[in-house]
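Report on the structure given below.
Chains: A, B, C and D, in written order; residue numbering restarts at 1 for each.
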Amino acid sequence: MTKRSFLVALALAIGFAVVGFESGRFWAYLVYSVAIASIGALSLNILIGYCGQITFAQGALIGVGAYGAGIAGNAGWGAASLLVGAVCSALVSLLIGLPALRLRGLYFAISTLAAQFILNYLFKILQPLTNGVSGLVVKPLMLFGRPANDEQYAVICVGLLFLSWLVLTRIIQTNVGRAFLVVRESELVARGMGVDVARAKIQAFLLSGFFAGLCGGLIAFTSRLANPEAFEIGLSVDQTAMIIVGGLGSLGGSIIGAGFVTLLPEAIERLGELLPSADLISAFREMAFGILIILFLLLEPRGIVALARRIFARRGAAARTNLPDRASYGSGAISAQNGRKA
Amino acid sequence: MTLEVRDLSIRFGGVAAVTNMSLDVNAREIVGLIGPNGAGKTTFINCIAGVAQPDTGAASWNGRAILGLSPADLLRLGVARTFQSVVSLHDLTVLDLVKLGAAAHARRGRGFLSQFFGSDKAVDEEICESLLAPLNLVDVANSPIQTLSYGQRKSVDLARALACEPQLLYLDEPVAGLTFQEGLNMGAVIRSVRDRFGCSVVMVEHKMDVVMSTCDRIVVMAHGARIFEGTPAETQKDAEVRRVYLGDA
Amino acid sequence: MLGLQLAIAGVATGSVYALIALGIVLIYKCSGVVNFAQGAYAMLGAYISYFMLRLHLPAVVAVLAAMAIMAVIGAATERLILRRMLKAQIVSVMMVTLGLLIFFRALCLAVWGPDQIAFPQIFPAGSIDFAGVYITYNYVAAFALATTLSVAFLCFYQFTAIGLMQRCTADNTRAALAIGIHVSNQISIAWAASAALAGLGGALLATLGGLSLTISDIGLVAFPVIVVGGLDSLVGALIAGFLLGVLEAFTEGMLTPALETVLRKFTSIDSVGALQQVIPYALLVLMLLLRPQGIFGRRGVERV
Amino acid sequence: MKKLTIAAALACAIAAAAPARAEITVCTWGTITGPDALVNGMTYGTRDYLEYLNQTQGGIAGNKLKVLMLDGRYKLDEELKIYRRCADQEQAVVINGWSTGASKALRDQIQEDGIPFISESFASEVLDPQKYPYTFIAGPTYEQQIIIALRDLAARGGKKVVLMYSDNEYGRGPVNVVRQSGVIEKLGLEVADLVEYRYDAQDVTAQMLRIKGKNPDLVYVQGSTPQLLVALRDAAKVGLPAKLFMGNLYNISPAIPEQLGAAADGFRAVQTYAFYGDDIPAMKEIEDYAKKNEVEKKDIYFIKGWLKGKVIAAAIGNAIKKNGGQVPADLKAFRKSVRDEMEALKDFDDGGITPPFTYADHQGSVQARIAEIKNGKYTPLGAWINAR
């Protein structure tokens, strides 16, 4: 992380916190919704985008964090309950990740699908702990002796998002993070390079689970209700959409993707309201969401971040390194190899 | 400082990939392992690099048995390798990969906390000077590996292997896929690496010109077994080698 | 008696699972894509059948027409979308099929509205009372149709020229290319066939349980089926489909009441909820850890 | 930079779409799409009544109403967002919300904001005029509906009852409250079994077989219309007559006799509002409205929605009257006044939808009667009885 990117991120964080604090409750809600979703997307991107472990259990994992934090919060732990939720999720994430030491790719992904369904089932069944289908009513976070309001939550959530981003950015610039990337590309190569693949995976699951739990805890406190229907497979799909739209393997992209996926439906809906008789606007909004995911995957598989990079690269092509030349050089070398083999 | 491999054999299903293969490598020696496609060269390297588990045989490095050790264990003993095909490690920069390689070595690896809070500047400079400069990689030190040419990627892989200060280096087709000129350069680099780091080298390679000009000694394999061993000059003269290998090429 | 009754209900729904799972396996074998949109195909097939039946077409014609349309939609999805994703990462391919699922659901929502719709009865109503066991004509018809079609499809796959090419493509794409099989056509055929199968499955589900958007959930329910049967085994999918249908019915009808009786006695938990939906997934995890290739699959599939 | 651009673009889209403020805004959100859309007449009805006022009387006391109908899709986060939009951005005077979950999650917030809020939920957990002075519901709670059914069973000399409910809050909550209240024992009844099913179940044959084994005198289903369709169909399959079953207000849908035919005959449900098409004054208004507009849902839920519209309009009208015919300039005071007037509604005549009621208990009419499907039509059995 360069000093410049740190300062830009800090300025953006302060900017959004101010927007959240000053523009009324609705905007505050949007700001903290995006911030919370971003924390979840960061966590998922660590696992899928950086470490290459495809998971569909993100929704349930966020749920674990929400219940963990909610139960701790109701027991009077205050802000520390966010930490409780995060730790709960990290442990459950580790449990979900253990099969990854034996299974790979598709098979592991399907096993996480199972984890998603089983966890969601447990939320409904463990009545004494989770209050079952009724959902756990969570006491509000107290701030200056009063329940925190939307504006304060906006500041808190943006602050936590900034911290999460900072921590994760630093971690992926250590050997721990580098190992994730190598494991993603090829476990065989990683092992040959002396990387402990199992340890890298376990670290990725713990790390990702921790932040998923933080995201869940914030959901519990801001919505004041942790109910199983909020943590179904749809949430996993939304979160995956965020990191794909934003850019796999890009932390900044996760945040952009989260903003996009969270705000786009609202934007479509507002535009739709200008039309007469748009009762089924939700249907169109879902349709747009589906089409958007498909288009992104087809046209820009590396997400908005890659798109932006391409635009900037074109603009500053002369000043920057001449990437196209290198690429053609490389491909030339490969064709030479093919020629030899033929 | 010697590698001794005795009677190593491995079968995959019904196919004998390597049969009773033996190999000795002395200190600071560059040994070339050549042979036609399917001769079992890479399988042999995999066996002594901790990737595949041979059925029978023994191997020792400085008197220590190395069969059954993982690549990570081998790295700690000073045995490193490069890979035949360079995967495109998308988001890693050259420095990233080299640092990851260095992590396998106790002295160069840094603690997590010092990496997390500290600056990498000093380390980067040291790597540039000691590893990247000899391989002509300083200019691209901060470029993502995917943006490099094939030849540069091979160099990066070599730098990564060198980062953990190996005393024995396996090179799996270091020249394959490079242009003629790049290949010759790589040969020179390998010799200078040997001189600089004082390590022994085992290189598997197809390209005869590079092998002949780089290696001190050549071992020829065919059908999983050794059929010849000698200096480059002797190898070129040997009729059997010419028949099974050079004739094919 | 209860057991027999449950088994019959289980076999009927199981036969639909088998149809859906067959499609997923077929697509996976041929193109390596795990299709989460299979449930959406079932749903679309059901809605299109409904549309055709409303045109007062004879039931057979209506369903066949719907299957034909589904085949076109399936092939079109492959041509327009999946074909362009040959080099994409697994997660992207999975996600694109999820995107399709979302899109098709929204499409049906926009066209047919959110409410559950009465599906025209294409089989005679009522049931046979067989010594206290009720067998509805719906069950019989669903079972007979699904089984006949599956078996016919397997025979087609096994004994015809196209089937041979399909199998060859699934087995080894390169070899298939080398011997002159038009591989991309074969992949399209596979998608068309599985979409058509799913469409029929959806129509059968609608006759069993009414027409609504929730039919698309069957796609996710089918995943335990394909893993238990083996991702690359068509016969496995068929057998596992029946197995899981019956297992679900027994869980719902016998295990759940028994467990609840015990729980109510000793804990404050009143109900075990939708246990029948979780048991297949628990089975799936167990299967993946013990025998990842499934009961009928071949070894050597992706495993570290 | 890109991030900023996108955020700015989205912000512009949202801001541009945010319409200008009308004088009196009423928000109503429901499940326009999503699960349980079958009963969304409750949302359409409220909107349509207020639009009807706009069309026939120019709004309330000469002030045009801005009626916003939004789609919460039965999703908590969506509903929470809509609430903030209504309360903050749209400056709504009255909000008509939907789910039990959202009503519970928002219940403290609503009191703090001081916005009169009518919940579509009949859950007793949100009904407490002392603790939640701004929250209202419109009719007997689910618990009261269950008790009506049980009383009816006891009166007919039945004994064994099976309670069947969906595996969500709407299903489990009220059943638990009734069981814990001890009413069942007091009435001399016995719970033969509790049977839970998935709220989106497509097949409940196994549950029906289980019920059959218990041989009950009544099966009370706490479910919505789609579930009743499945339940009655599978009951017929295993030879249980529809007569055995009874449901609540959400099971009075023309869809049931339409889709099930003869298999639905004998099914009974607790009716708390007049049917669509009944000969009552309110129906005249609806027919009048339907001349120029399309009525989306022609069922009892639309009637309930119409009733809520009447309540909202009456409270707003009274509040304006109290302020000397002017809309209060201060929104907070206006909201408070509307709340007070709503609570003060006495012997309110809703055009025959229910018997006249008083809203001091925040519940309104708690009159109910039992309706049975006879020859494909719901027919009331007997007169209104008090559910309390």
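The criterion applied here is as follows: a contact is a pair of C-beta atoms (placed from the backbone, for glycine too) under 8 Å apart; a residue touches a chain by one contact, two chains touch by 3 or more.
Everything quoted here is computed from the prediction, not taken from an experiment.
In terms of the stated touch criterion, the partners common to subunit C and subunit D are A, listed by label. The fewest steps needed to get from subunit B to subunit C, moving only between touching chains, is 2. At the centre of the protein atoms shown, by the Cα-centroid criterion, sits A. Centre-to-centre separation between subunit B and subunit D, using Cα means, comes to 74 Å. Distance between chain centres (mean CA atoms), subunit A to subunit B: 39 Å. Separating the centre of subunit A from that of subunit D, both taken as means of CA atoms, is a distance of 37 Å. Here the spacing of subunit A and subunit C, counted between their Cα centres, is 31 Å. Residue positions of subunit D touching 2 or more other chains, listed in rising order: 32-34, 167, 172. Looking at subunit C, one finds that residues 109, 113, 270-271, 273-274, 277 touch two or more other chains.
Among the residues of subunit B, none is found touching two or more other chains. A complete list of chain pairs in contact reads A-B, A-C, A-D, C-D.
The touching residues of subunit D, when paired with subunit A in their complex, are 1-4, 6-7, 10, 13-14, 16-19, 32-34, 69, 71, 73, 75-77, 80-81, 84-85, 87-89, 101, 104-106, 108-109, 167-169, 171-173, 296. By the touch rule above, subunit B contacts subunit A in their complex via residues 49, 51, 70-72, 74-75, 81, 83, 87-92, 96-97, 99-101, 103-104, 109-110, 112, 115-117, 120, 143, 147-151, 153, 160, 164, 176-179, 182. By the touch criterion stated above, subunit D contacts subunit C in their complex at residues 31-34, 37-38, 40, 167, 172, 176, 193-194, 196-198, 200, 202-203, 205-207, 209-210, 213, 225-226, 229-230, 233, 237-239, 255, 258-259. The residues of subunit A lying in touch with subunit D in their complex are 12, 16, 24-26, 28-30, 33, 124, 132-135, 137, 140, 147, 150, 223-225, 227, 229-230, 252, 255-256, 259-260, 263-264, 266-267, 270-271, 273-274, 279-283, 304-305, 308, 311. In the complex of the two chains, the subunit C residues touching subunit D come out as 2, 5-6, 9, 13, 109, 113-116, 118, 127, 129, 134, 136, 205, 208-210, 212, 214-215, 217, 249, 252-253, 256-257, 260, 264, 270-271, 273-274, 276-277.
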